[in-house]
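Written out below as structure tokens is the structure these notes cover.
Note that the chains take the letters A, B, C, D, E and F in the order they are written out, and that residue 1 is the start of every chain.
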Amino acid sequence: MPRVRIVRRLHFSAAHRLSRPDWSEERNVRTFGECAHRNWHGHNYELEVAVVGPVDPETGYVMDLAALKELVERRVVGDLDHRNLNLDVPWLADVVPTTENLAIGIWQRISPHIPPPAVLDAVIVQETPRNRVEYRGG
Amino acid sequence: MPRVRIVRRLHFSAAHRLSRPDWSEERNVRTFGECAHRNWHGHNYELEVAVVGPVDPETGYVMDLAALKELVERRVVGDLDHRNLNLDVPWLADVVPTTENLAIGIWQRISPHIPPPAVLDAVIVQETPRNRVEYRGG
Amino acid sequence: MPRVRIVRRLHFSAAHRLSRPDWSEERNVRTFGECAHRNWHGHNYELEVAVVGPVDPETGYVMDLAALKELVERRVVGDLDHRNLNLDVPWLADVVPTTENLAIGIWQRISPHIPPPAVLDAVIVQETPRNRVEYRGG
Amino acid sequence: MPRVRIVRRLHFSAAHRLSRPDWSEERNVRTFGECAHRNWHGHNYELEVAVVGPVDPETGYVMDLAALKELVERRVVGDLDHRNLNLDVPWLADVVPTTENLAIGIWQRISPHIPPPAVLDAVIVQETPRNRVEYRGG
Amino acid sequence: MPRVRIVRRLHFSAAHRLSRPDWSEERNVRTFGECAHRNWHGHNYELEVAVVGPVDPETGYVMDLAALKELVERRVVGDLDHRNLNLDVPWLADVVPTTENLAIGIWQRISPHIPPPAVLDAVIVQETPRNRVEYRGG
Amino acid sequence: MPRVRIVRRLHFSAAHRLSRPDWSEERNVRTFGECAHRNWHGHNYELEVAVVGPVDPETGYVMDLAALKELVERRVVGDLDHRNLNLDVPWLADVVPTTENLAIGIWQRISPHIPPPAVLDAVIVQETPRNRVEYRGG
């Protein structure tokens, strides 16, 4: 059975700030630059979730993309959209909300819920039209 | 002399919240929905500034687009990028930072500085890939 | 009070065919080329709806974009998405479903429902990344 | 000799319907949702074809991209553009025309015709701006 | 009869340089900056041609977009694509090839050939993703 | 420590011509078609640089994207933007400036300068919206 990769794209808008509470303001600004601004800033995030698996010979589907969308909306986008990544998201509470940590956190929220034999292949987060990050587990 | 419209596109990322301090939290949420979330959210804004004027017969320019870019960066983007539209921007202090009010505010910052005979024609602000606003003065 | 133009972008996927039932197949193909193919073809349509009006001094809104989205989904997108423009849409039954006629039909569906003092300003329909049409009433 | 991946993007518009003739209408709708609509719907498909191989030291080419374009137009796009994927395409006749099966079918049409030592690396089909599929053989 | 605006988008790649042969190199660089670089540079230009007219009640067309495409390819794109705007284009020979002058030149090449009652409404030339120009005649 | 891939996108505009000085004009045109045009043509190139590495547990960064941007601007974009790839770039002097050779040359300029333990993963060069090339070393 051929293996195919399917990708669903979703969108959310959030505020954040790159800073560590255990560092001084001065050290945060030196490390994170403008992204450490104390009154927050924000982004329109574009999120892509990629799943790989065999194509079901009856339906021609790896996985119903509508079900994938519903899963990601319920477990990820609903927690992030119109929220503050530093203050409002329990599963990001222990990390600096860089795009790298955001992608890892999203992977952990989705990966156990992909119906086998399909598996999560990648989480891609675009923070701006010029910056993006890809996490493939491991 | 032919009149031509030139457009420069710029980008900034900011946090905001739609709410009036003179309204109750409950009324803000009823009016502005998710956009009233108290811990802020944010966007990648795409800004287009359009200028109209005669084409200089010597240079073939309405206005040097590099000069237009520099003007908008200095008087607008520098105040907005990686900032909080509610807390950090003196020229937005008296309004709810909707995309409409943002476009009007940007117009007022730029319009007096366009070198005649060219004039500012429009300020277009895209808040998300699905929402944008256009202000043409008046 | 300043007047501002707000634009909401929506999406639908539909099948269609350009042909007149009162013409011969040969005449339809001669006039409409590939678009007359008898077994249908289809597009991802991008729809933009523009509304103009004064900015409410209390809310900073011309019109709540969420309400505009809901209106267009209910009266337009719900009738068109995953449908056949020739067979399934009562308000297109009497015209060839060109992008021009689609824009005019959408205008008529939405225009009477924009809450005054705002008014519908334009309906823009993009049929492919290379082709689009704009209707402004009248 | 360095190995490089080259990608050519092409476009086609087609109608389709997700349904199995050996299933009841009710079962098709339960499985495929809106995509099973009996009067068809359609999409603007974006197709990317990726080829990998050594760079020819004389020309600096892996493969002439104009030749790749011509190959894909002749063997794939010419069969699909302004056509119905269920009714008009012999090489899709035995499968449900999901994006997965479309990518596999396109791979089989192109793969044997890539001039060695270059080889086909991936077929990527974007059905909507939010959904895409990637097939890499095997 | 309703009047509608139709837009066709086309693409070409060209080299150019902003400089006047009657000015010194030093004055050209002072006026045009990097764009005066003596060994040329180039762009992927995106060209939009907009036509306005009444919708033909029989066909539902303002003008056949395939005919508009063919006209613009024959009279404009064929002269510009993979060419040098300073050296290779007779109808740009007397002007500095700024985006403004390019839009005016394209207007003059197309405007007399739009079949009445439709008329050319605008020529829009995007030189980079951040810069574009619009000419509407007059 | 999880390994993540980060990508930065940059832009430059350049002129070039595909031709070998040791071949006849006729052979160049036969091999490279329009791209061999003797008076040059040009493109808006989109460049993506991908870096892979472990996420620093303190900062949440693989590598500061601002530092990556600065590196690519200094060692690559500064040499290419508003330049002629055949005439102005010492590190491309010995090759035909195809997109393949451009990607390889950019890799060699950047790869030794990525701060360990991160490593350069890919250089992706988009020459037109329809053509792109990817080099991953080796």
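What we mean here is this: a contact is a pair of C-beta atoms (placed from the backbone, for glycine too) under 8 Å apart; a residue touches a chain by one contact, two chains touch by 3 or more.
Not measured: the values here are computed from a predicted model.
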Minimum number of chain-to-chain touching steps separating subunit A from subunit E: 2
Neighbouring chains common to subunit B and subunit F, by label: A, E
Shortest chain-hopping distance from subunit B out to subunit E: 1
Rotation, 0 to 180 degrees and nearest 5, that superposes subunit A on copy subunit D via CA atoms: 120
Most remote chain, CA-based centroid, reference being subunit C: F
Repeated interface matching B-E, over half of the contact pairs identical, chosen among A-D, C-D or A-B: A-D
Computed distance of Cα centres, subunit F from subunit A, in Å: 28
Interchain centroid distance [CA atoms averaged], subunit D/subunit E, Å: 34
Sites on subunit F at which at least two other chains make contact: 129
Pairwise chain contacts under the document criterion: A-B, A-D, A-F, B-C, B-E, C-D, C-E, D-F, E-F
Complex contact set, residues of subunit B against subunit E: 2-10, 55, 58-62, 65-66, 69
Contact set on subunit D toward subunit C in their complex: 11, 13-16, 34-35, 37, 39-44, 81-84, 87-88, 128-129
Subunit D-facing residues of subunit F, complex: 18, 20, 31-33, 95-101, 103-104, 129-138
